[in-house]
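Structure, as structure tokens:
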Amino acid sequence: MPSHEHRESVRLGDAQTRTPRVAVLGASGYAGALAAQLLWRHPRFELTALTSRSDVGRRLDDLYPRYRVPMAMEELDLDRHADGLDAAVVAYPHHAAAPTVAGLRERGVKVVDLSADFRLRELETYERWYGAHPAPALLEDAVYGLPELGYRDRIQDAPIVANPGCFPTATLLGLAPLARAGVLDDVVIDAKTGVSGAGRAATEETHFVTVDENVVAYKLAGHRHAPEIDQELAVLGARNGPVVFVPHLVPVDQGELITSYVKPARDVSQAELDALYRDAYADEPFVELTDKPPGMHDVENTNICRISVHGERHDGRVVVLAAIDNLWKGTSSQAVQNLNLMFGFPEGEGIS
Amino acid sequence: MPSHEHRESVRLGDAQTRTPRVAVLGASGYAGALAAQLLWRHPRFELTALTSRSDVGRRLDDLYPRYRVPMAMEELDLDRHADGLDAAVVAYPHHAAAPTVAGLRERGVKVVDLSADFRLRELETYERWYGAHPAPALLEDAVYGLPELGYRDRIQDAPIVANPGCFPTATLLGLAPLARAGVLDDVVIDAKTGVSGAGRAATEETHFVTVDENVVAYKLAGHRHAPEIDQELAVLGARNGPVVFVPHLVPVDQGELITSYVKPARDVSQAELDALYRDAYADEPFVELTDKPPGMHDVENTNICRISVHGERHDGRVVVLAAIDNLWKGTSSQAVQNLNLMFGFPEGEGIS
Amino acid sequence: MPSHEHRESVRLGDAQTRTPRVAVLGASGYAGALAAQLLWRHPRFELTALTSRSDVGRRLDDLYPRYRVPMAMEELDLDRHADGLDAAVVAYPHHAAAPTVAGLRERGVKVVDLSADFRLRELETYERWYGAHPAPALLEDAVYGLPELGYRDRIQDAPIVANPGCFPTATLLGLAPLARAGVLDDVVIDAKTGVSGAGRAATEETHFVTVDENVVAYKLAGHRHAPEIDQELAVLGARNGPVVFVPHLVPVDQGELITSYVKPARDVSQAELDALYRDAYADEPFVELTDKPPGMHDVENTNICRISVHGERHDGRVVVLAAIDNLWKGTSSQAVQNLNLMFGFPEGEGIS
Amino acid sequence: MPSHEHRESVRLGDAQTRTPRVAVLGASGYAGALAAQLLWRHPRFELTALTSRSDVGRRLDDLYPRYRVPMAMEELDLDRHADGLDAAVVAYPHHAAAPTVAGLRERGVKVVDLSADFRLRELETYERWYGAHPAPALLEDAVYGLPELGYRDRIQDAPIVANPGCFPTATLLGLAPLARAGVLDDVVIDAKTGVSGAGRAATEETHFVTVDENVVAYKLAGHRHAPEIDQELAVLGARNGPVVFVPHLVPVDQGELITSYVKPARDVSQAELDALYRDAYADEPFVELTDKPPGMHDVENTNICRISVHGERHDGRVVVLAAIDNLWKGTSSQAVQNLNLMFGFPEGEGIS
């Protein structure tokens, strides 16, 4: 498999002598732009190209001055851009991502895909929520990019990493210890997200006047991150039936807070809960446990998920709170975390 | 009963010839100040006095320029202030309210009490959540002040109206049709509130820098509004066990959104849900039904509760969204709505 | 002049027997929508039609739930809409407004125009800042709609009222007493405005993520409200040369604060300043004087301009602060104030 | 001079073998806490102690989770804390700072003082704006800590660096090229600052409800940063009389934008302005020039001052915009920049 050899050569051989070359496709959106910034200042990657469909020719530091990346965005030319390229972060919408990922794979380029196209392992589930899949053959090559939940080893060798959705990232990190311990029975997930999660498109929904002094629920008929959560909770152990999930937009730029209301399968004390979480995350640099409710602001501009778990409530539920920055751990810094793993670099390089 | 005669004389007799006189005790807090403003501009009440412990001598329009109430706050002197007074809005913290309410009642003054002191009908429940009750003998004189949920008639004759908490107001209006129809089985209530709900006290929690770009859950060990919700849901019909309730602070001044996740006791179609809500609120001027998720901003500075109900979800839950302004329908304009009822005035006078 | 007769007949004759009929053209924008709401609940006008180019068929209470105006927007048909119409509020962009205003005038309809098309009396000035004027013949029929600055009488008889820009409104109310007293020499005007002033268009500039946690100056090359301020200051008395004016966008929905730095033409004490302002505004219900700096929040959702003046500074300047709500006194409630004057109604009807 | 020898020994001798030891006094306030965080993660300093008067015993990562500094705050014990200490950042209010700075100097510890106590070189000026000076003898040892304006060399050898105020920092960086070129005649400075500039004290002014949806000017009678600006503009060259300066509080956490309205002493073209600024800042890594108006958000969490200059305006003024993060370049990262200089480290170490 050419791509595999290619990777190995970089990792085991050339890595000693040259820096892996990375491109960001779709760099004009919020997720792509942040990925570009993190890679631009990353000590071990060389950022070689930024592409965009909407802003060809515009410099990224003109579009996002605060990121200070002095590179112009180009129109994608797969042959040219993939030449000598080791990896790409693909920041496209679902459906648009898969064909480009396929093209990159044909040319031996490793991919971290920020879209949903390779997150759902069951084609049928994908098609129920997203419609026909543009590149189903590649599904088996993709590894779910949540290192903390058992995917770390497989990510290291993956040709494609399906970067998790922001809601699944925080939700799953919050629920995994309960799921693994068989304590998770029924769960209601109430999510609050900052507006950057809605993307750069200027719409009535993202207009300042609409968002300011407001909180509103959306996607009441069902959010596509729900089946992603279902899939991974099933892998972790203990769930019957789908999770209940409703997201809310809050007047915040970057930030996400997940409140999970768990009906435990059996009695569980606070001490046991504390032990479960401590054991699960003792060696995880990007998971932070706290006994006070975590706030969005605590994790802004970090790759950290901050979690508290609250048991022994009079209503019998276990409440889990998990906060991340939706653009960082929820998207772009997690992509870099995955890239680090894929190239054998320290996992926190460039994102700590 | 002197107070009753007194009220009657105003309502049936003097009402023709003179305007009821009202005072606001505790006018320097957010709730008291708004009540003062609504009564100041109310066409049928005369606002005769404002009292405050912290701001004696200060004019309310100095403290809150936007309310434009040109009256100074005085130290409470029950004998003097109750003289000729028909009603008072008591905007004190719990425990502090009850003795003052008792003093007002002894002097024949009707009361709308904004504290929690008279909301819980079971003394035992009160004492479990709040400690010893300062005036338990008055509990039976108090009527729960949520007109839309069957209390309208009793409010008209009540010597004391226990104005509901802001969270119970929106939650109960959102759940009542389900509770009455016997559809309500288990419910998780995720509440989001603006900062004015935390009151005027300047603390680390209410500092702009703490709240801005942040969302944080609080009172994880149990919020005192939960037993109030339990009490009223039981009255409405159909619940086993306590509700699950967690509030969150969001970077908004005034506003509250309640997301209730209901496990229905039986299958219920969207059409049936729509009919239940339409029937319940067809004649209620302050409940608004919508099929889009209501936002906090939609009800800011109004006495309106805006509700949507979402059934036929793939996860089997019924999700109810209910938005109010925590200071208006959640507190002060609801107090005026109750005062209107107590004096036989049109229910929306001065708050529409 | 037919329109004049028409108005008189409504005012002196029919006013006794019928309510003037008003339409809002361009009701889907922020200014038009608020004008619609104010007129919908106005006790003396009948709102007969709302028109829009972008949202034909949509109900205003669907687009702006908080305004609760249950009318659908229609495509403009001048002949049909002007039939039996007494007045219109035209909420179009400049250049688009003038031809429609002309069409309304031909049909005898009074107009309050929210655009800039009839604010500048010198055609040459208009054309320097806006390009060719679409209806220059009507310029002489228009009266500048700032009642507090000497235009009240002329507004009562005006066929067209050119509603002032939001920046000129607050700036001129703040500077008029100095200009009239001959104290105003040189002035620097630093304006801060909420985002609703940028209008409903969803753009990169109005996206929540762009505005949030940010303040940015704009129109550095010159803002079109500057010549409007120059024109009116000249009328008031005492200015040489153009004002210096720079606006800034702040993360606020509705609100505007003008800080004017005046180099006084002569020494002026604080006592004299206070007297000048008191005398100027003693009888103006919509101008509020304060000795503390006014805040945007003090005047939100009001037709009030709140002003403080600060002299005897160590740097020799007089600093004037003036706050308004850019959508209310800055635009739509001032339009209703003008309509009230045009129809002989109490000036504050429907906007107090 | 012992302290000098001490510093040299660290810088020239021990620096090879040991890391300089630094403490932050007053670490519980916003400025001290950020300084602590920057030094905690700084590759070349060892953060040995944090002191606080209000939060003794509390860990900084409990008070400010986002800073992740796992150190407890102690009560200051000068003898103990100064033992072996190379430098201290003193984050005290004015008047409280000077005696502590004196105590540190007696013990040979270098100081970066964040207060105003050593910024004004004329004792008389200090006393007019701040009252009696607690340690006037030390004034001559202090160097003004704005490296970009000619103080870089002197900072390297300074026993005390008086860290500039946040307003002077941005204002002076914005005006220096004009002052040096003799173009600066009269200047009006309108400042907008985020709430973190008001400090951690929870007051009516910093309550979320007060700040939200509001902009308000303050210190109209004169802000103490004005004489500091006057002093430095005089050093730079060309000013008569005091600057005009008014600050405004905006609903932003961290950020500051200075709009300076300059009446130029002579005609100056845009091309000349551009050249003046390019020449002044070509080699300054922390000054960024742009032709678009800089926003607060562009410089959040950076040590950068972003500047644009706008000439050839129809009103004859030159408008200069300068944005910084008030807590970073305005305070704490600038303190670290100064520490870097004082110990011979690369100027941007730990703050880039």
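Here are some notes:
Each chain gets a letter, A, B, C and D, in the order it is written, and its residues are counted from 1.
Here is the rule we use: a contact is a pair of C-beta atoms (placed from the backbone, for glycine too) under 8 Å apart; a residue touches a chain by one contact, two chains touch by 3 or more.
Since the structure is predicted, the reported quantities are computational estimates derived from the model, not experimental observations.
Taken together, chain A and chain B share the touching chains C, D. Ranked by distance of CA centroids from chain A, the top chain is C. Averaged C-alpha coordinates give centres for chain B and chain D that are 48 Å from one another.
Inter-chain spacing, taken between the CA centroids of chain A and chain D, is 38 Å. Looking at chain C, residues 210, 212-213, 251-253, 294-295, 297, 300 sit in touch with two or more other chains. In the complex of the two chains, the chain B residues touching chain C come out as 65-66, 212-213, 290, 294-295, 297-302, 306. Those residues of chain B whose C-beta lies close enough to touch chain D in the complex are 30, 195-196, 200, 202-204, 206-213, 251-253.
The residues of chain D lying in touch with chain C in their complex are 188, 190, 192, 194, 210, 212-218, 220-222, 226, 241-246, 248, 250-255, 257, 259, 261, 293-297, 300, 308, 310, 313-317, 319, 321.
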